[in-house]
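Next, two complexes with chain A in common: one pairs it with chain B, the other with chain C.
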Partner chain A sequence: MYYKKWEKVSQSDNENNDHTNDEAQTDTPPENEEPSLEAVTKIFDQCADLDHKTYSETEIDVIYFSSLIDDQKLENEILKPISELQHSEIENWINRKDISEATTLKEIKDEVLSGSVAIFYNDKAYYYNVYGPEIRGIDKSETETVIVGAHDAFVEDITTNLSLIRRRVKSDKLKAIKLKVGEITKTDVYLLYIDGVADSEMVKELKKRIEIIEVDSVYDTNMLAQLIDEAPDSLFPQYYNTELPDVVRSKLVSGKMVMLLDTSPIAISAPASFFEFIQSPDDYNQRWLIGTSIRLLRAIAIFITLTFTAVYVAVITFHYEVLPEDLLITLAESRARVPFPPLIEALLMEITIELLREAGARLPTKIGQTIGIVGGIVIGQAAVEAGLTSNVLIIAVASSAIASFVLPNYNMSNSIRIVRFLLIILAGYLGVFGIILGIGLVSIHIVSLTSLKTPYLIPVTPFYWRDWVDTFIRGPYWAMKRRPTQTKTSNTELNKMKQ
Partner chain B sequence: MNEKLHYTQIAVIVYMIQSGVILFALPRIVAEAFGTNGWLGLFPLSAVALANIVFIILVYKKGNGQSVFTILEQSFPKWLCYPIYLFMIVSFSLLAVLVAKNYIILIQNAMFPEVSANSFLILFLITALFFLSKGIYNMGKITLLFFFMTIWTIFLLFLLFPEFSFTRLTPFIFKGQIDPFEKGFEAYTAFLGFELVLFLFPYVQNDGKFGKAVIAGHLFTTFIYVSVCFVAMGFYSFEQVKGILYPMQNLLKFMETPLIERIENIVFVIFFIKIIVTVTFYYWGALQATKRIFIKTKEKWLMLIIVGSTFFSSLFFEIKREVDELLNVIAILQTIFSFSFPLLLLLLLWLQKAKAKRGNKIA
Partner chain C sequence: MRNLLLVVLILTSFLLTGCPEKKIVEDLGFIHSVGYELNEADDAEEEGVLILTVAMPQITPTAEKDREVLTTIAHTSKEGRMKLARKTDRALVSGQLRTALFSRNLAEIGIFDTMDTLLRDHTIGLNLKIIVVNGSSKDLLIGDYPEHPRTSRYIFELIDKEAKTLITADTSLHKFKRAFHDDGIDPIVPVIKQGIEEIIVDGLGLFSGERLVMTINPVDARIFMMLHGDYVGGDMTKEMILDDEEKESYLYMTFTTLKSKRKVKVNSPSEIDVNVEVEGSISEYTGLLDLSDDEVQKEIEKKLAANIEEVSERLIKEMQQKQADNIGIGQFVRNSSKYEEWQEMDWKEEIYPEAKINVNVNVKLRGFGSVK
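So, the complex of A and B:
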């Protein structure tokens, strides 16, 4: 357990290592020192994008990172007034504008790094936030598409993402704890939850796990998820990730916690259950019978992805007898010219499909289409005509590839695809016995997984029949009366939180 | 967090440990044991097992859910407990490996006649070891998932309904050549496995439903056995069913759908998931006893040693007949154990209570 390791490390650090840090940093001024212009310029020595303006008439110094601020805002709110003001009016202006005063050097340093402008006047340091770097506009999600429902997706800017969520949850109960991760990068993380719905113990636990992370930088929420999960070596994602604010809203009201990381367009929610990964916002926007059918289709898709090619290999290699006579003849004809054993044949095709998929994902959309044509028609057709594979295998491989794309979650779909390879290899050596053995091993593993100390396969095992109304089926809204057991919320009943 | 086994898990665990590969042979065994309409004979057998279960539940109630090892060690000195533990370790772990081997030999004969059974056994035991390493609470959860993964096979019986005929059941009850003791005992072994709940006491939720759950699990097993035997006896004639080694397997051969037929091997393989539960729980029982002897050794090593050593001892029995013979001996020992051990515990509990009372009086 990764986070446990840090837990130990951070404990021992606290015990014996509190004062050694200061000695090591003799070059830079101690951080609790009074903020002064010299100290700040010394800290930001050799930062070419730091702007330093001096107004000799009024004896004001202004320092900011030009790359982090909104030029317009800076000009209108700070620079223009300063250049127009008289010496005597400055104090008044600062008070009126509610510009905060920094008490320590660390404070002013952090503020400048977060996009504030530092103002030095009369041996005092003030700061005013003019953060406003260029950001991408809100757009549709490329990886999670919704047919009927809200299309806006998160962007890389955490404030925009927060606003997307606040717009949807207009409640004073929506709390956001701000944390920082990354020893060097100091990236902002917001831990969101709804007070009174989310379990406070879980919030504490999650907060603790994020606080003890010790890495130079966290690049994305998906990385954050790997740093705080319980089984870092598992194949399966233990936190649900999404780009859609709509999904985040539904997670929050169901009593889960959501984490946002600055510079990442993905939110993760916890605790997560395996069955969340077959759900899509579309299910809730359709009428319940339709939503249920689509969800069942996805469950079948998982099954097809996992076993279809493996069953083909097992049947062709070991169990001809299970096929009815007519089907057997068709199969035998299609395989008559193939020189490889079924396992090799299947692996060849599966790897080709994976290559095509990866190439399609990395290439720009327009060239990506060409890859589809090259792969689908040229390789598929040619491989059969050249006698390298059988038609039936192409059908099996293609169906399981298509089925794997039915899963709404990209991370889970990747995990399932890897398991498929394991099953194919086992099927090649041990037939159906291998497939069942593989499924058994994977089941044992997946059942023992936990997400924030809650069972991953809830509500199937441990069994909570009440939660089934929103697992394989998307029950009618009148039947969905309770929040998921997994959230451990004391506020179990839905729709009872009027304010 | 105080994790405990839920009563539904207990019921499922009991069912999953009990039912095993014997299901395939059970219609023949009951026919040989009780004659015509032998499926009715399962009821008295189930009642005997139920009586045994009641003893176990009594131990749970009288002992207030304390571990059987604690009860034992409170009355006996350690050196007296060790032979009992040793017996448990040997019989449980041997039973586990033999059940596995028995199944593996069947699979190997049916599907891979040219491959050595032992290589399959290694794979089987690795899975069991992995299963065992997850701890009892996860084992409970895994068992529940495995239950869902296998229970659908019972619905295959519906496919046989068109062929079912009441006339084949005959109006006679328990007629023909019968052997209610030897064969009847063989049928009784199908119910064995419930005795392992003795070791679950410290891990169950204390909500008073433990006893009901064990009984529910046992009754579910009885229901499955009876319905399978009933259908099989209405499908085959009496003489026919006696002549087939695995009547259920033959039944499956008969089923046909447009896409798939002759699913007997596939269903047989799916039983892997059931057998692994039985095997793992027997190993777990052995592990609990071992932990009492080697208190300081890490559990991981104990598991490896138990599974490893039983694997090597299973190498002495390569033919199905040998495995069957030994299994039979162990089943007898196991039956004696499952009756006498709860009785012994009840006696000890009674003595402890009497002693405590006397102590109170003197004080």
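So, the complex of A and C:
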């Protein structure tokens, strides 16, 4: 709820606006001062990568950041003409080339910082955008893999990302609001939505929340999500994050809003429901029965991840009655060698698996594979043989680890994994009652969550029958007739926006 | 604030529940079979009237035997368990109890006192099998059956399988208790005995109330089950000499029941018809006649029906003498009479022993095998 705090701050700011302005602006030049060469060079004092070229013949000064611009473009479009032109031709050239004139110092400063070249001529300041930073090429996503479907994923450059989306939504209704976050970094944020589909109140609310953010810098869209969601202390992500432009397209047309942040290869969409996190683009590319089966499998996987080890601990510690006799004897035999109580035994193995996972994630891919082998064979096998764990526990821990990787969303998968530890500890103290208690508490928490003021667990609670066609199941396309209730859109009918 | 509430809620749930008793599997001796036997020794009054034997699977990997059998003499079941607990390093628990064996001598004087603890203990499931041992339950559990390791499991599977072919009944604690408390029906239980290095199913035990009053041998048990309800499956082998048979000796026929339906018609409380419709096929025949002949088939049907009727009447007569209504005829009488009438009627002691129970059996051959 950071935004609530900032809301108050920005309100009080507005009230005594004049006051703060006077105090703050003692050192730096006033923002609406006339843009002059001296002022600009003073602002960018000690910036080694700032290039300043003076053409004495034509009395032109050119200022730009060499690290931000496209050398080729600058050379061809600005530097070459300037050096070739005569004094008298400059005026014409500036007009013809559509080089904008800056009216304030702030304007020219911001433009230089976002990759424009500033041209000072005849006591006037002009700027021309030659932005061209080094960027990574479009590549496959590392965290969200699609088997059947588009493989291209977002990169760190926001214009490339926008082009990926524009290419998919060729509509004038796709609107993009440009905002800036980060008091120091001034990072670009684009808020995308489809006009007439997305709820305008929600767009307004989201825009307001982004505008009032007061932090030095926003590093990534996931951080942005945490700054604008309603429960930053919750375990669960309240906005859906994705690297795939395909997913963004589907979110946009269903009436949701998408946020892009420059330098981040991840887009977030809002509002989000819990069930979005078990969905993958693959579901939609398969035939609906197959898509549904896979989706149900993921729902089961959540339960396995959450409860398998916990149930093992509970049963071994308290409820020997529930096991079939054959299994019980095998279990008891393998447990007879283990010196720890079941809870410690389980936590030991779970932490080992988590260590392996974290080590595998941090290491380069090639070494990561070795870690997998070391973990899987050496620790699994040796721990049982050394009598540190029972082999049934290894199965439980491994299955729940595998099940946790089934979830398509990395953030959600991590959240679920943490909840699992809570359940294991409760199971160790209170048995199955503890597991139920834990699940109860987590359920209460999830039910109370909201995403952009809409219920997080929609359509299960509050119950909307017609939305079920795209939650646990991936219904046939003929049945998907309406946009999700959560988007609060007035344009509920799908397929009704022909132009 | 809400988070604080959550923490408080979790903490209170810990504090309020306290710590439940931990039962970690490797520390437990889960009793799988329990045997009860009447102590017939002279000092039974002082030492205890019950010989209690429990069998549990062994879980120490280095142990020589695959099971642990403990036995003691006590006054009651739970007292016996405390005595047994002193003999083992594992905590005795009954959550995995699957079979309760009652020796015949105990069953004959009544088992409900002993059964009390089985019903009272919430960890014992109602699927527990009640079995009567023709002989000593202690000897049966202690005995070694080299080809069948884990005796208790052997007994459990044996009864389970035999009940499917209807040689015997599969009486769970629930069924026993229900039949015991219900008006107009008495419980039946399977009977087993100890053979040489094996355990044998020895037919059915019929109770009157809580006492075992008669046993039925496995051959007749099949016919008893036909009277007991609607069943599917089961074989009967009879020596049968047909009229036109030329072969003179070794004439046997095995009849596989496909279906048997029982109908009880109450004419008056003292006159009851039991109609049994049996359908089946012949699976073994050592004679020479062509079974596809209609006449031969009719004759077989008739003879088989007569045989079943004869056995049934004999069984019913004995049951009437022992005042054991295990077929549940009383239920039909109760259902066909008014509440007051049934209340006034002393069915089991007065009317049932004198009642005229006619058994009509109708056998139908549905096949005689795939080879002529």
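By our rule, the second predicted complex is superposed on the first by the 492 of 499 C-alpha atoms of A that agree within 3 Å, B and C clash if a C-alpha of one lies under 4 Å from a C-alpha of the other, contacts with A are read in each partner's own complex, and residues count from 1 in each chain.
Assume a contact is a pair of C-beta atoms (placed from the backbone, for glycine too) under 8 Å apart; a residue touches a chain by one contact, two chains touch by 3 or more.
All figures in this text were calculated on a predicted structure; none of them were measured in a lab.
Engineer: By the touch definition at the top of the document, which applies to A:E321: first (chain B), second (chain C), both, or neither?
Structural biologist: Touch partners of A:E321: chain B and chain C.
Engineer: For A:P455, select first, second, both or neither according to whether it touches chain B, chain C, the two together, or no partner.
Structural biologist: first
Engineer: Taking the superposition on A as described, I'd like to know which of chain B and chain C A:T103 touches: first, second, both or neither.
Structural biologist: Neither partner.
Engineer: Considering only the touch criterion stated at the top, classify A:G431 as touching first (chain B), second (chain C), both, or neither.
Structural biologist: A:G431 sits against chain B and chain C alike.
Engineer: Once the structures are superposed on A, label A:A332 by its partner contacts, choosing first (chain B), second (chain C), both or neither.
Structural biologist: After superposing on A, A:A332 lies in contact with chain C but is clear of chain B.
Engineer: After superposition on the shared chain, which partner residues are touched by A:P341: those of chain B (first), chain C (second), both, or neither?
Structural biologist: A:P341 contacts chain C only, not chain B.
Engineer: State whether A:F463 touches chain B only (first), chain C only (second), both chains, or neither.
Structural biologist: In the superposition, A:F463 contacts chain B only.
Engineer: Taking the superposition on A as described, I'd like to know which of chain B and chain C A:S443 touches: first, second, both or neither.
Structural biologist: So A:S443 only meets chain B here.
Engineer: Between chain B and chain C, whom does A:N122 touch in the aligned arrangement: first, second, both, or neither?
Structural biologist: In the superposition, A:N122 touches no partner, neither chain B nor chain C.
Engineer: On chain A, what residues does chain B touch that chain C touches as well?
Structural biologist: Correct list for chain A: 318-319, 321, 430-431, 433, 437, 441, 445, 448.
Engineer: Okay, in this complex, where on chain A does chain B touch?
Structural biologist: Contacts found on chain A: 318-319, 321-324, 327, 430-433, 436-437, 439-441, 443-445, 447-448, 453, 455, 457, 460-463.
Engineer: In the complex, go through chain C and note every residue touching chain A.
Structural biologist: Those in contact with chain A are residues 2-3, 6, 9-10, 13-14, 17, 19-20, 22-26, 28, 30, 32, 57, 59-61, 93, 95-96, 98, 123, 125, 153.
Engineer: Considering the complex alone, what residue numbers of chain B touch chain A?
Structural biologist: Going by the criterion above, the answer is residues 1, 6, 8-9, 107, 111-112, 120, 123, 127, 130-131, 134-135, 138, 141-142, 144-146, 148-149, 256, 258-263, 265-266, 269-270, 272-273, 276.
Engineer: Please output the residues of chain A touching chain C within their complex, sorted ascending.
Structural biologist: 233, 316-321, 325, 328-329, 331-333, 335-338, 341-342, 429-431, 433, 437, 441, 445, 448
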